[in-house]
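You will see two complexes here that share chain A, one where it goes with chain B and one where it goes with chain C.
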Partner chain A sequence: MDQLFLIKFLIPLLWAIGFIFAPKQNERAIKLFALIGATVVLAYSAKMFLDLPNPGALTELFKFEMPLFFNMTYTFAMDGLSGLLLILNSFLLLVVVVTTWEIKTEKLRLYYFLLFTLTWAVNGSLLATSLYGFYIFWEAMLIPLFILVGVFGGENRRYASFKFFMMTAAGSILMLASMCYMSALAYKLNGSYDLNYEVIKSLNLRYSGFWSPQSLIFWAFSIAFFLKVPVFPFHSWLPDAHVEAPTAGSILLAGILLKLGIYGFLRFVIPFYPQAVDAYRDIVLYLGAIGVIYGALTAWVQKDIKKLVAFSSISHMGYIIMGVFSQNPFAVKGAIFQMVAHGISTPGLFIGVHYLYTRRHTKKMDQFGGLAKVMPRFAVLFFLITAGSMAVPMTCGFVGEFMITAGVYELNKVVAILAATGIILSPVYLLKMYHLTALGEITHEENKSLEDLSLLEATPMIVLSVLTILLGLYPKLVTAMYEGTINFFTHSGL
Partner chain B sequence: MYENYLALIPFFPLLAFLLNSVLVKNKLNNVQAGLITFMGLFTSFILVILLSLHVQESGPVHVKLWDWMEYKNIVFDIHFVMDQLSVILCLMVTGIGSAIAFFSIGYMDHEEKVGKFFAFFALFAFSMLLLVLGENFLVLFMGWEGVGLSSYLLIGFWYEHKKNGDAAKKAFLANRVGDFGVVLGMIGYALVFKTLSFRDLQHPDLAIIAANKELLIGSSLLLVLGVTGKSAQIPLFIWLPDAMMGPTPVSALMHAATMVTAGIFLLCRVSNIIVHFSVVLDVIAWIGALTSLLAALIAITQTDIKKILAYSTVSQLGYMVMACGLGAFSTGLFHVFTHAFFKALLFLCAASVIYGCHHEQNIFKMGGLKKKMPVTFWTFVVGFLAIAGIPGFSGFFSKDEILSMAFSNPGNGIFLYVVGLISALITAFYMTRMLVLVFIVEPSHDVHDSHEHHVKEHDEHNSHEIHESPSVMTIPLVILALCSFAAGYVGMPHLFGGHEYSRLFQSFVEKFTPAATGHHHVSEETEIVMMVVTTVLILCSMGLAYYIYVKNDKVKMRDRLKEKFLSLWIISNELFKVDELYETVIYKPLYKVGHFLVDIVEALVINGAVKGVTKAVDGSGKFLEETKPEKLEMGILYIVIGATIIVTLIFSEFTFR
Partner chain C sequence: MENLSFVQNVIIFIALNAAALLSLNIKKNGKYIAFGLSLVASVVFFAMLYTQDVFNLSDLFTLDGNKVFLLKLVSLLNILMILINGYNSLERVKSTLLISYMFLGGVFLLGANELVTFYVALETIALIGYTLVATSNLEYSREAAVKYLIQGSIISAIFLLGAALYLGATGGLTLVGATVVNQELYAIAVGIFILTACFKLGAFPFHAWIADTYSNVTLGNLATNFFISKIIIGYKFITVLQALLGECDPHFQDILIRIIQVIAVASAFYGNIVAIVQGQFKRIIAYSSVAHTGYMLMMICMTPDESYEKQLISYLVVYSMTATGVILILNQFAQLNKNEDGRGILTSGFYRNKGLAVILSVFVLSLGGIPLTAGFAMKYMMFTNFFKEGFNIETTSIFISSVVGLAYYIRFVSDLFTENPDKMKLPIIKTRFSESLVHVIILLSIFTFGIAPSLFLGLK
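Let's turn to the complex of A and B:
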């Protein structure tokens, strides 16, 4: 038990509250405060991970008991997987703060308040191991993002934020319903409604066909997580949300929030419902493979660059869900790696889009072209990140896709071959994007005088590009962090 | 010590890349940038020579850098090996690469962004070295895609023109289709053999092969798909002619001498496995033979000097692939070796011509360069004689051995022989045509092209003086010409070399690849007769081309030829449009599918479902709202009923549990 846990854990929230009291006029001070805050959060996340005695097992960090409230306890624990995602989350917060350093808005304090509360909520759901705690943070994540999109978003932001909120919340309702059921069951067994990790394990839900409790609860959880990931065909909120969201929203959404769905599967579904996972594995594998192809083909025909990246996320997340459900250790390992890789490359793409947007106030690709001439620094960095996204070997994108394809191939060749078409399709849309923006002649007069990235603007892209190459060459930097946990997530006997 | 040398071989080009791209860019002039890349390659070349002597004496050298990933017992490591196969390719990449880098210093003299060019050049060399030095499939694949990527960058070097960008994209996509095959094939092999190391795959367990026959055949065919992508075979050869959009030295290096041979290299790497499957071998042989014929046919009517050479490359690659399909991997690699010299030479001569003619690429607008560019002319003649297969020059030895392998192959070898012979004759024909039109016939200025719109028009330059290239360009030409002449003597047939000096190259390679087996024995008399017949036929073909293109006035001749050989002309011109076929049959329909998915599925079905649910919720809300004034309790009743049902379900579950 870590005595200082509460303080470490509450840092992002405290920082967020700090913004309420910040002087409104002094923008520079507010921004500096945010930068320091993000750095501190990242440092503490890293420290929390490094302090873990054994990243391979769940280490309990804090237990919050509430005897007066149905004897509930909230447990916070951490293993390599949650540590990795915790660091990714804090890292992305820092990236967002640096990327949007030049942001011009009246509501600067609100902006940072939302970013820090969002980070805090994500951290909370990554660390909570009692199902109720997880659920509270899971729902809490929605609110800052909802406001972020709704206040700072594009023209159609109301529609997008409501759609995103309602669809995710609808999934959560299913999750809540099954939690009620499980609580009732737990009360019968233990005399407490508490749904601690050990308690869930001990429930041993019965499985006998679709209408049995294990299967129904599996589907309730799965649909909640499918909606979050999102897995085809539950993705309809994602393109709208991405298009309307401000850059900060897009980066955090693609970078970490989508991964929470996968994390949910790994933490709360795979270990507890083994028979159901086995029984419905093929369905999910096919959904994943279809998602890979569907996302790629739909990304290809987009005219809006942000929408293209959004659909490419669906394609990439298809790989991850396949990896998780293949229950092959290699593929699961690859899937977790792919979460990180996607958390590097897609935010990178959104950052590139952000710089284009701040210069030209449009996201239509045909408004650009030939930018390599006027913005060479941008062109190079954007290309490196694009290469990472289309899984060129020696970049991080390749590692995960290769491992997942290999693992799935062992299990189900048809699905693996379907998914491997992503190798062909990903450059089709990504190169289209790159060629339309960076290459060719400059066809629009306005583009001739665009400024190249300043050093400050380039910094996040440089960092992400370096990570792209580094992790592609030496993936063990990341896999070593969660290696020990894999057995736990490939529970169902393969 | 040798291990360190080995690790340093790819390092120097990488260093050159980093220097030119990041560390000292913008601070160098064009010559310095070029020298960095040249030195990087040349240093590696010296190391390769040192290592090759060592390998010949005491076998392969290994160096393992770090573990990349592991799965069960399979270790994926970053591991280099210098063995009998990689020695040859390394010598080619670094040796010919240095010559071309040196040449480029002159060729790129007046260009902008030369630092970028030499950075990409070095990156390419680095990737190619990864490919050939990789001890396992993973490192090979890193290099494999690396060369695809760097070739994409170099083809699109002048990215301002949209068609260059499109050509680059096309090359990358065609290569990616192949990579799809390589990834799956590689995974298939890994699952069967539990290893990806070539050392282990060199001596595969026959019992394992027999037990996993189907999976292995499938995986091997997938690898062949990769070969067709990288080595520009049917059905994926369409990218190579378009790849000529890049700077010409690049075409010499990648699209002729090194990158495109990666496919043959891959076949040699897995030769000890695929040799067990006659189906796979047949597929390979026929792909090679047909590609060789098809590309030769297309080359006849091309007018762009680089495209002719590009199609001739495709055709020659077909030869190599056919040799592999005949089980004669060492012979295929021998042709890779000789071809690398003479094709690099021919391309550099073309570059020199283009440089001298101020970026004119249409052979009908050239002519009479024999006197104006003597060095280029005579070196070109050497390359020409080599590719045509005139005895004594390198191409003769390798081509002849492939043909005799086909001839002596049981089964349908004789058909392959005929196809191979025909494409050899056509090769002699179109190469003569090119030689004559570019160097010998006097130029005629009143040529009006109607259909070759893909050729750069630079009419204003014609008034400039055409001159011989500077010596920085001609020195590499002379060196390559010497090699093009001499390279064949390391692999002479028994007929000439006796037992001591014959097939040195092949027996060296056969320490890794299986030796060709199952061929009829061909007596020496037959062999001599075949050689003579082939040579005579080739001379006839050259004579025919000479007669047509020298004795006839250029302008009228084309019309007359069209009349006489109308059908052949049409075929040749239409075959050229295979890529348009792909575009209409695959690319555009797929794009339409994308549109269908977005406009119909996404908009109506997926969003429709969401809207439907929303409407349903909305409707039930309205219903309750409407009933509220009269019977509030009704609403409550519904809720209670619903809750009761749920609770009952939950608790009945417990009771019957």
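Let's turn to the complex of A and C:
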């Protein structure tokens, strides 16, 4: 057990609290404080991963008993998967801080407070292996994001934040109901309400059709996670949230928060409800495939760039859910890789949109065109990231989608073929977006005087572009981190 | 001697409050004297509760164990509410005195062991309730009070019918250890008591009085009314009904429990759904209390065990205390808006008083059952126990209804953090020391209950 774990774990929260006491007037100091904080968080996340003795198995980091909370135990543990996502989460915090360096708001302290609290809550979800702990952090994520969108968002931010909160909370309630049920069961079996990993395993819920406990709990958890991912038809909150969210919200939402739904499946559903996963696998695979096509087609007809990227997320997340539920080790490996790839390319696209918006105060594609002429640096970086998102070979997007499609093909050819149409459709809408913004002639007078990216602005895009190519050429850099855990997330490991 | 000290203390309480009432006639400083006397009465009463653990006057009245604990808690809340009410206006001091008598009714209800004391205590609380509404001086206060009075009187009459049937079925009026000689009559009597509980607690479809009453009483009175009526009436009815159901023939018991469950689930759904479309906060609170009554009623159906009463008390205290906190803060916002309580009053609340907005957010998130707050711990404990009892469908239904509940709670937070373009023109909300003290106490309690509920529940 890591004796210093608690301190490391609480760093983002302590940093967030630090913003409350920061001097309001000194914006630069607040921003520097945020930058240092984000760097520290990334550094300790990486260090925690590097210190793992065996990324292939869950290593307990910290455990404390809560005799005063129904005698429950809170266990924090880490394996390759959670470590990888922990690093991604911390990395995205740093990206957000750098990208929004020039942010102008009276509520700067609140802004950073929310970002760091959100990061802390995500870290907590990733490391908690007792169901109760996971649920606390899962819910804790909602509030900072709700306020972030509600306070710093666009014109319809209230509607979007409310819809996002309610839809995700509705899913959480189902998860909570299942937890209460399992707690009651655990109490009958062990005389304790505790729901740590070992206890959940020992419950061994019966499966004998839809109305059996395993099946109902599977669906309760699945709906909670479907809403988070989001999987078609549980996706309607996402476009609104993305469009109205400030850039920081969009980056974190697309980059890491959506992945928490997939992580939930891998950590708390697949290992515990094998018969239900088998029984309902085809339904989920088809939902994933529909999501891929629906997301792609809807993205195609969008005029707002942010909305287009939001729908593209639904499409990409469809792939990931298919990969996970295929239970084919190759596809599961691809799905986890795709989580990282999507966590790099989609935030990159949102950063691009952010720079366009800060210059022109519009996100409509028809308001741009020919930007490559006045913003060549932007055009190159935006293209590289777009290429990653459309899964061009030798970019990170290709690796994940290829592995998933190949893995799913072994199991269900129809679904694989349906999903493959997404590979065709994604270049259609993404190239259309790129074409309408960066290529062609400059048709709007205002665009002629647009400034190219400064070095500070370009930095996050450069880093993300490099990662897009690097992981496309050498995916093992990431896959090696979680390779050993794959068995645990497929039936073969049960 | 011990029992005599309790009687003495009650007499002192009544005498001091009577003196306070009389001192209102003193032209100069009358309200200050009245306030002081009432406060002293409550403080003395509270202090006396620490002198002994059992107050056993006769078979008719016993206060012991959990009841004494509950009484201490309510007494403390009573003192805090008197402080909050303050002595700034004559109306407030009058309300304080009325509430003191309501509190006294609560004390007798809590200790009542037979139906006559039970009835008298219940009526005392109800009468003060009618008066508080009628004297609220809002546009429709009197109409609401009359409506409440008429419906309340009908229910009282029905309750008396139940008491008569109970007498016929058991040969006595005592609520403890009665021997049932006629099960049919007994089941009807218990059914009537269930109906009375549903009315008094405001369960669907006996809730018609609740929205009008709540919306026509001042927020300050509503807050004080809340913790006494909800906690004590809720506790008493639930424990009594549970004991009475235990004596029922299994066949009738099954039917009555089924009826309670249907009412509970219907209340949870109805309250939550209707609350979401309300435009006034008082009406939102009224309907949310209908929903919470649904959760409470489910507790009647549980098998009592060692921790049962503590769970019940903790739920009632947490819910009432949090709701009281919400009402008190809403009152602060409403006072700056000519006592209007439309949803607009919270707009930009965060920019008008950050601390107050954050505290209110925590209160409503607790009511919504967000983790680390008392609301979540209670919800977790209660629903887990419902599942343990095998009420799977009912519990799942109530869970689903609570999603709707979360929607209106989160709207409070949304309103608070919504930035009004004219926020600079909105008045800053100032908080008095006594108000801040109560907010902080409630806030700390919410987190203490939320993080360490077993401290209170004594669960192993």
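List of remarks:
The criterion applied here is as follows: the second predicted complex is superposed on the first by the 491 of 494 C-alpha atoms of A that agree within 3 Å, B and C clash if a C-alpha of one lies under 4 Å from a C-alpha of the other, contacts with A are read in each partner's own complex, and residues count from 1 in each chain.
Keep in mind that, in the parts below, contacts are C-beta pairs under 8 Å (C-beta built on N, C-alpha and C of every residue); 3 or more make two chains touch, one makes a residue touch a chain.
The shown structure was predicted, so the numbers you read here are calculated from the model rather than taken from an experiment.
When both complexes are superposed on chain A, chain B and chain C clash. Of the two partner chains placed by the overlay, only chain B lies in contact with A:Phe330; chain C stays clear of it. Of the two partner chains placed by the overlay, chain B and chain C both lie in contact with A:Ala184.
More residues of chain A are touched by B (comparison of chain B with chain C). When both complexes are overlaid on chain A, the residue A:Lys476 reaches chain B alone and has no touch with chain C.
Contacts of A:Pro67 after superposition: chain C is touched, whereas chain B is not reached. In the overlay built on the shared chain, the residue A:Phe221 is in contact with neither chain B nor chain C. Of the two partner chains, chain B is the only one that A:Ala387 touches; chain C does not reach it.
It is stretch 385-393 of chain C, out of 385-393, 421-429 or 439-447, that runs into chain B when the two complexes are superposed. When the two complexes are superposed on chain A, the residues of chain A that touch both chain B and chain C are 166, 170, 180-181, 184-185, 188. By the touch criterion given at the top, residues 365, 369-372, 377, 379-381, 383-388, 392, 395-396, 399-400, 402-403, 406-407, 410-411, 413-414, 417-419, 451-455, 459-460 of chain C touch chain A in their complex.
Every residue of chain B that touches chain A in the complex is listed here, in rising order: 66-69, 71-72, 78, 141-142, 144-146, 149, 156, 159-162, 165-166, 169, 172-173, 176-177, 179-180, 183-184, 187-188, 190-191, 590-591, 593-595, 597-598, 602, 605-607, 609-610, 613-614, 650-651, 653-654, 657. Remark: chain A residues 163, 166-167, 170, 180-181, 184-185, 188, 206, 213, 233, 235-237, 294, 297-298, 300-302, 329-330, 370, 372-373, 387, 392-394, 398-399, 402-403, 405-406, 409-410, 416-417, 420-421, 423-424, 427-428, 431-432, 435, 438-441, 473-476, 479 touch chain B in the complex. Contact residues of chain A toward chain C in the complex are 66-71, 135-136, 139-140, 143, 146-147, 150-151, 158, 161-162, 165-166, 169-170, 173-174, 176-177, 179-181, 183-185, 187-188, 193.
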